[in-house]
Amino acid sequence: MIVTGYVLEIAQVALALLLAPGLAGFVRWLKARFQNRRGAPPWQPYFELRKLFGKEVVMSNNASWLFRVAPYIIFASTVTVTLLVPMIVAPLALDGMGDLLMVVYLLLLGTFFLALAGLDPGTAFGGMGASREMTVAAIAEPTIALAIFSLALSAGSTNLGRIVTQELANPAVTVSPGHLLALAALFIVTLAETGRLPVDNPATHLELTMIHEAMILEYSGRYLALIEWASWLKLTIFFTLLANLFVPWGIATTFDPAALTLAVLALIVKLAVLGGIVAVVETRVAKLRLFRVPELLGASFVLALLAVTSSFLLK
Amino acid sequence: MTWLLVVMIAGYGIGAVGALTLGRSLFVRAAATSGAIIGAGAAFILGSANLLSGQTLTIQISDILPITGFALRLDGLGAFFLVVIGLLGVPVALYSFGYSAAYEGRYSLRLIGAMLNGLLLTLSLQVMADNALTFLLLWETMSLSAYWLVVTEHDQPGTLQAGGWYIAMTHIGFAALVAMFLLLSGGDAMSTSFAAMRANALTLAPLARDAVFLLALFGFGSKAGVVPLHVWLPMAHPVAPSHVSALMSGVVIKMGIYGLLRVTLDLLGGGPAWWGALVLAVGTVTALLGVLYALMEHDLKRLLAFHSVENIGIILIGIGAGLIFRSYGLMALATLGFIGGLYHTINHASFKGLLFLGAGSVLHATGTRNMEEMGGLIKRMPWTALFFLIGAAAISALPPLNGFVSEWLVFQALLGGFNIPVPEVAVAFPLAVGMLALTSGLAAACFVKAFGISFLAIPRSHEAEHAHEAPLSMRIGMAILALACIALGLAPFSVVPLLGGVLAGLGGLPDTRSVFTLDLMVQAPAGFAQVSPTWIGLGLLILLALIPLVMRLMHVNRKRRVSDTWGCGRIGQTPRMEYTATSFAEPLRRVFAELYRPTKELSIDFHPESKYFVKSIKYSSRITPLFDRVLYDPLLRLIQRISRQVRRIQTGSLHLYLMYVAVILILLLIAARWF
Amino acid sequence: MNDALFSQLSTLGSSVILLYGFTLLWRKSLHAYTVAFQWQSIALTFLFLIIGYFGHDVELYYVAGFLFVLKVLILPRYLGKLEQRFPGERESRPYVNVATSLVVAGLLVLLAYAITRPLVLVSDLPTRGGLPLAVGLIFVGLFVIITRKKALTQIVGFLVMENGIALLAALGTYGIPLIIELGVFLDVLMGFLVMQVFVYHIHDTFESIDVDQLNELRH
Amino acid sequence: MIFFLLLLPPLVASLLALLVRPHREFVGWVSALLSLISLGAAITIAAQTIAGDVPIWGLTINSLGLEGVLRADSLSALVLVCITAVAALTLFLSSGVGRTTHYDAKQLRRYQIFINLFIAAMLLAVSANNVGVMWIAIEATTIFSAFLIPLTIRKTSIEASWKYLLLSSVGIGLAFAGTVLAYFDFVARSGRVENALNWTTLMATAPLLHPEVIRLAFVFLLIGFGTKAGIAPMHTWKPDAYGESPAPLGALMSSALFAVAIYAIARWKAVTDAVLGSSYSNNLLLTLGMLSLIIAAFSVVRAKNYKRMLAYSSVEHTGLICLGLALGPLGAFAALLHLVNHTAAKSLMFFLVGNIERAYRSPLIERVHGLLKVLPQTGGLFAAGLLALIGLPPFGLFISEFALFRAGFALNQPVLMGITLVLMSIVFISFIVHLNKMLYGAPPEGVITGKADRLWNVAPLYISIGVLVVLGLTLPAPLATLLKQSVEIIAK
């Protein structure tokens, strides 16, 4: 039983790694379709990874060892997160290793090193990207924390497995106003944290408007591959969180193979739906000016605060 | 354990006396360092032994100190802070050996050595003081020795002013503490022992208890650097020698935390919810303002000093939450809050000490504290860079380092806020959670700036280009603290129960040693949440080893080529094109413009021929801190104005002087006759 | 009968002494100050003799003798020398003009009456009626020191104050013990001599004996 | 007999200085050595009082109202030790004064004559049994010291002396009026008794006296001796006199003379309290003490002249001692201990200030920079002394101030003590700011740097610092007994 649990953990990591490029490609493809473009096929990111891993690395002469270490740390921290987020089964064997706060701070670890790596080659673009990334990350932080508070309130824990199982046991919670408000808040944060429109344009070619892309301008080869993969993984994680924390149905609570298969399917469907929503949003809204981003995140903070207070009142 | 105490005092004593009496400067430095290491090491061992054994050490010498006698008592709380002092004292002492070498011939090495030992001695005894006079004597001596250390570089601009602010603020706090202790000692007894105070606190009128608490918060807050009493901190820490900054930031300000806990929790035995709410509010504001001002700082040490303010805020958030929970009888949650505060105390001591030592090495190598003149140091001083990076990651609460653990504990305590039956109080908790999260996010942003601008990219000045790695003693000092950051991050499962033991019995808190431990995990009470930084750290490590391995197995292209930085088609990358610290912080400055209210000055010198050609552009921007604006400047002006009025008494006119005598005579006669 | 006469005489004497004190307030020349002080001292001597006679206290005769020698003979003589030395110096504009001075002095005496009420009630000596006048004289002396600008007039004010205290002692207690009285006389003499020396110094360094010039030291 | 050893040495020294004309340096040495005899006598007296004796000397002549002219109980002994110690320090430090200063032989002769007379008068004031004699002696101190302030004739020194002389004379006159009033009351109650003015008699009869008269008398006495002590608002002579007098005199005036005045007030307070209970005198002392503190605190904020700054510090400590005297037995203990500490600290400071002024030729703070470079020893001692004065450990004033606050809070006066703490903080901060300016920075041009202090000018001062440190860390048993006995005398 215990062994199965650990095997499932590894399987989940593998699944996440496998799904992540596909999800990103799917959103890209869908977006292209919405924009009446043909677009690259959804599996294009897999080709990109193969291409990047096959290329040599060209490094800036100003960069230091940090530049070389950062991709590994970013990738490792993101992968660690997938050990904690229940994707197909809840609670996970390693559920007690980390809770939502651990997830958030592990992701922050990646962001931290990404921003440092952006500064390392000494280009203005890298600095600009790092500065903006950290600004957005910092301002998004309180919303995440309050969303966690709100979830913890109803579930009585910040450990993800517990939240999911609690919700499954008590479905009424999921449609409570507090929950919905928290969902909305977390959705906005997801857009900001994963570098989607209207905060950042993942497809931009204009350096001055870049955030994420500006930081990784100097990266190439396998380093770039790791970073890109990690960022897709991050997208997957956030989507999974949105999906499984707010709409937990379909997730397996036993190690029954049938339930697990169903769970994988449910996960893919949920991710696809969320990908669709994001594609719609990205098609409909324009990118915000950088200095209006705090207003957006401020709004999400208010939503999250309302979520918590309404949970308080209804408790 | 008494012999350890003797060794400790003797160590410091030998260090101080040796520094004062020895001839050659090498010997002076060696004496100061070795004395301090012996003393601080003994302090560390004494504290640890006490924590592990739980025995209380009591010493009473009535011949020293008139009136009340000299009383020492080492209990768990004191022992914990003693460990903190020892933990930081040893590396700092080691570091000072290398660092103060540069002072030779410029400043008095004797004074530095003696005062360093004196400071450590008073700090170490401070946490054992068991009556008011002993406490106050040590407190004031500590402030004074720290003061002489702060003004070491007295010929540098701003040093004396900073020293003045420091001693002034700390003395105002001291005055509050005198009042606080004496109010608490009550009416009749000559004794000012803490035991008498504990007994007296029970019968004290509620109003007096409130006054005691407020005075304690004020007095200890001024030492801890609580907003708005923090003004001295960003002035004094930068100008002090860096190992002293580390010590001040790491332990001296923590004495404020110690005192606050000792008085509110131990002596007063806790209080109403509003005490905790006030501490929580003050802590939140302190944390947020601290980090916000840190973001705008480009003086590396000032930036760190503002982060000390921030971290004191975080500690106070934990303590405030603990006090609130305690007042509602939620003992497990209360303990969690206090543990969070205490854990953050030792964590902050280790990573902030490390960061200040790192900043000191940079200062040592480049001669500047201005980040805009640094850059590229990671290549020239790789060890310092690594250590500084560890410190930066730790202070940004990144797992698996120690900052994360304590912030997690504080977060967990705050998340328990919904258990509070009074909604008006409970609603403060989510707000605090939000602010704490914002604080930690901003701190991460700030340390990306601090590390990125100072250590990465191209050197921005000649000095930075020719920087050199710090000498061995300094590197060892930093290494010890870096290891402490890692160890404290990975081993919370053993630290947290110890802290539970420290708190057991204080203010009626239960012994929770068994509740908080769960194999290699840390668990919030009642199974609310659990986390294991140990496993996460291990996981990260395995992954970091595994990824390259897998990549090799998959035959990933492993070639690497070094080339010019891509400059958008531009050729030649110069430091002037780099992003600066100012520009890095610009987005946040815009976001929080309401708070900063920056004043901008832009003067453009056009070419005489055409206004499309610019000869020079001068841009300067200044931020006057909020509390200078609304509190200190008006207060100082008021005192000056009163002073001007009072000085008019001494006009020089003898007739007027005689008039005073006559008037007071007649007034008093009238009073004597009719009142 | 005897007590009544004693009482009347002592009150009369005190009044005369106080009146001489008032003289200072409306005269301006230094010479007039000296003369007023001299006459006041003579009156005081007589009062001592009267008290000594009625109170059957031989000591007071000695005191009267010393007082006569010191305050009627020696001090006025020195004062005279001083005023000859500085002929141009008159008390020109005091801080408070004559009319106001007199009003204030009157008020001070009233105040003295009010304040010394308990003294008069407590004592059963026939001389007690003069006690308020003695305290009033102390106040008037103080007032002269405060409002007059010349160093010399301040000295006279001080001496008048001393007279007031001596009067108080005489009326209230029939004189303090002789040895103390002698010590006090010695002090007064020495104090006066020191002050006199300083008047010369002031004149030498400031070229005037106006005290309001002494205002370099402030704050 | 012991009183001869106490009082004669200064008189002999004075006589010697008078006879040796022109002045020779050995006079200074002789008087310094003689001062040690006085010191020894004072210590002997203290030892006797500790043992429970009260030394009395003097023939008893009833007709003249004499009964033991000289008498020293614990309180007297305490003050005597203070005076003789400072006097010895002063005379030793000024024995070689001719070599380091610009005074000529005539001035030095005058100095030696009057400083010894001044000391003798102070000793007499404290050892006199009779309040009248005490008054005479205190008046005499004014006269003798007035000769010394203008040792060199300058406009400012003349001005200061005149102000000092007149204010003190007026004040002491009022004190005499108060003495007369008290005597009057005594006479009104018990008829004319010749020894009525003896402390012992006064204390014995005090419960019978009329409260309403003693109320008035105490006002006169407090104002009168308060002028000598420099209690606000009668303090105005202090900055002038301290600022202009030669360093040794400043030291004596600010410590010994001050102690004498406080002694007189404490004595009379004891009498008053025996009549009225303590609350009346306490309220007066608290009022004037607070006034002193307020004025002193705000005066030092913008001080320009370091000597005057020290004078304001004296006013501050006067205020503190007044508060202490008004705060019951523990307060009185604190006040007396503070008096001892202050004596040590303030005398030290005036000598140092003398050195500083000699080196910089200016009493202005803004002219003094780099003190630690110019005069390392003096500078270090100055810093230590100043820190002692503002009540930092490990110096004695820290302890006595703590005791004072303890007394205040124990008597349920938190507001008063709170205000005092705030005012003292203002003084503290101002002093630190001024000290900073003086210790560091570049010495002004024309000041000789690096020339070490003359050993003779600083060596004895280490004793003062030593005393302060010892008193800061412990209270030697004899001193504790002396203080306890003294407290019993003045605050029952």
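We call the chains A, B, C and D, going by the order they appear; numbering starts again at 1 in every chain.
By definition in this document, contacts are C-beta pairs under 8 Å (C-beta built on N, C-alpha and C of every residue); 3 or more make two chains touch, one makes a residue touch a chain.
Since this is a predicted model, take the numbers as computed values, not measurements.
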| task | Compute the shortest path length in steps from subunit A to subunit B over the network of touching chains. | result | 1
| query | Among the chains, which has its CA centre at the largest distance from subunit B's? | reply | C
| query | For this structure, which two chains have more C-beta pairs in contact than any other pair? | reply | A-B
| task | Specify the chain with the shortest distance from its C-alpha centroid to the centroid of every protein C-alpha atom present. | result | B
| query | At what distance in angstrom does the C-alpha mean of subunit C lie from that of subunit B? | reply | 69
| remark: Per the C-alpha centroid definition, the whole-Å distance linking subunit B and subunit D comes out as 44
| field | Between subunit C and subunit A, distance of the C-alpha-averaged centres to the nearest whole Å | value | 100
| field | Centre-to-centre distance between subunit D and subunit C (centres being mean Cα positions), rounded to whole Å | value | 31
| said: For subunit D, give me the residues that contact two or more of the other chains. | reply: 162-163, 166, 170, 174, 212, 216, 239, 299, 302
| remark: Note: subunit B residues in touch with at least two other chains are 647, 650, 654, 658, 661, 665, 669, 673
| Residues of subunit C engaged with two or more neighbouring chains | 115, 118, 142, 145, 211, 214-217, 219
| note | Checked against the stated definition, the touching pairs are A-B, B-C, B-D, C-D
| remark: subunit A residues touching subunit B in their complex are 53-62, 64-66, 72-73, 75-77, 79-80, 83, 94, 96-99, 101-102, 105-106, 108-109, 111-112, 115-116, 119-128, 130-132, 134-135, 137-146, 148-149, 152-153, 156-159, 162, 207, 217-218, 221-222, 226, 290-291, 294, 301, 304-305, 308-309, 311-313, 315
| task | Going by the contact rule at the top, pick out the subunit B residues touching subunit C in the complex. | result | 647, 650-655, 658-659, 661-662, 665-666, 669-670, 673
| query | Can you list the residues on subunit B that touch subunit D in the complex? | reply | 63-67, 133, 136-137, 140-141, 144, 151, 154-155, 160, 163-164, 167-168, 171-172, 175-176, 178-179, 182-183, 185-188, 190, 192, 211, 639-640, 642-647, 649-650, 654, 657-658, 660-661, 663-665, 668-669, 671-673
| field | subunit C-touching residues of subunit D, taken from the complex the two chains share | value | 64-66, 130, 132-133, 135-136, 139-140, 142-143, 146-147, 150, 153-156, 158-163, 165-166, 169-170, 173-174, 176-177, 180-181, 183-185, 187-188, 192, 194, 197, 210, 212-213, 216, 239-240, 243-244, 299, 302, 304, 308
| In their shared complex, at which residues does subunit B touch subunit A? | 375-376, 378-379, 382, 385, 389, 393, 396-399, 404, 408, 411-412, 414-415, 418, 423, 426-427, 429-431, 433-438, 440-442, 444-445, 447-449, 451-453, 456-458, 518, 521, 527-532, 535-536, 539-540, 543-544, 547-548, 551, 554, 556-568, 573, 575, 577-580, 583-588, 590-591
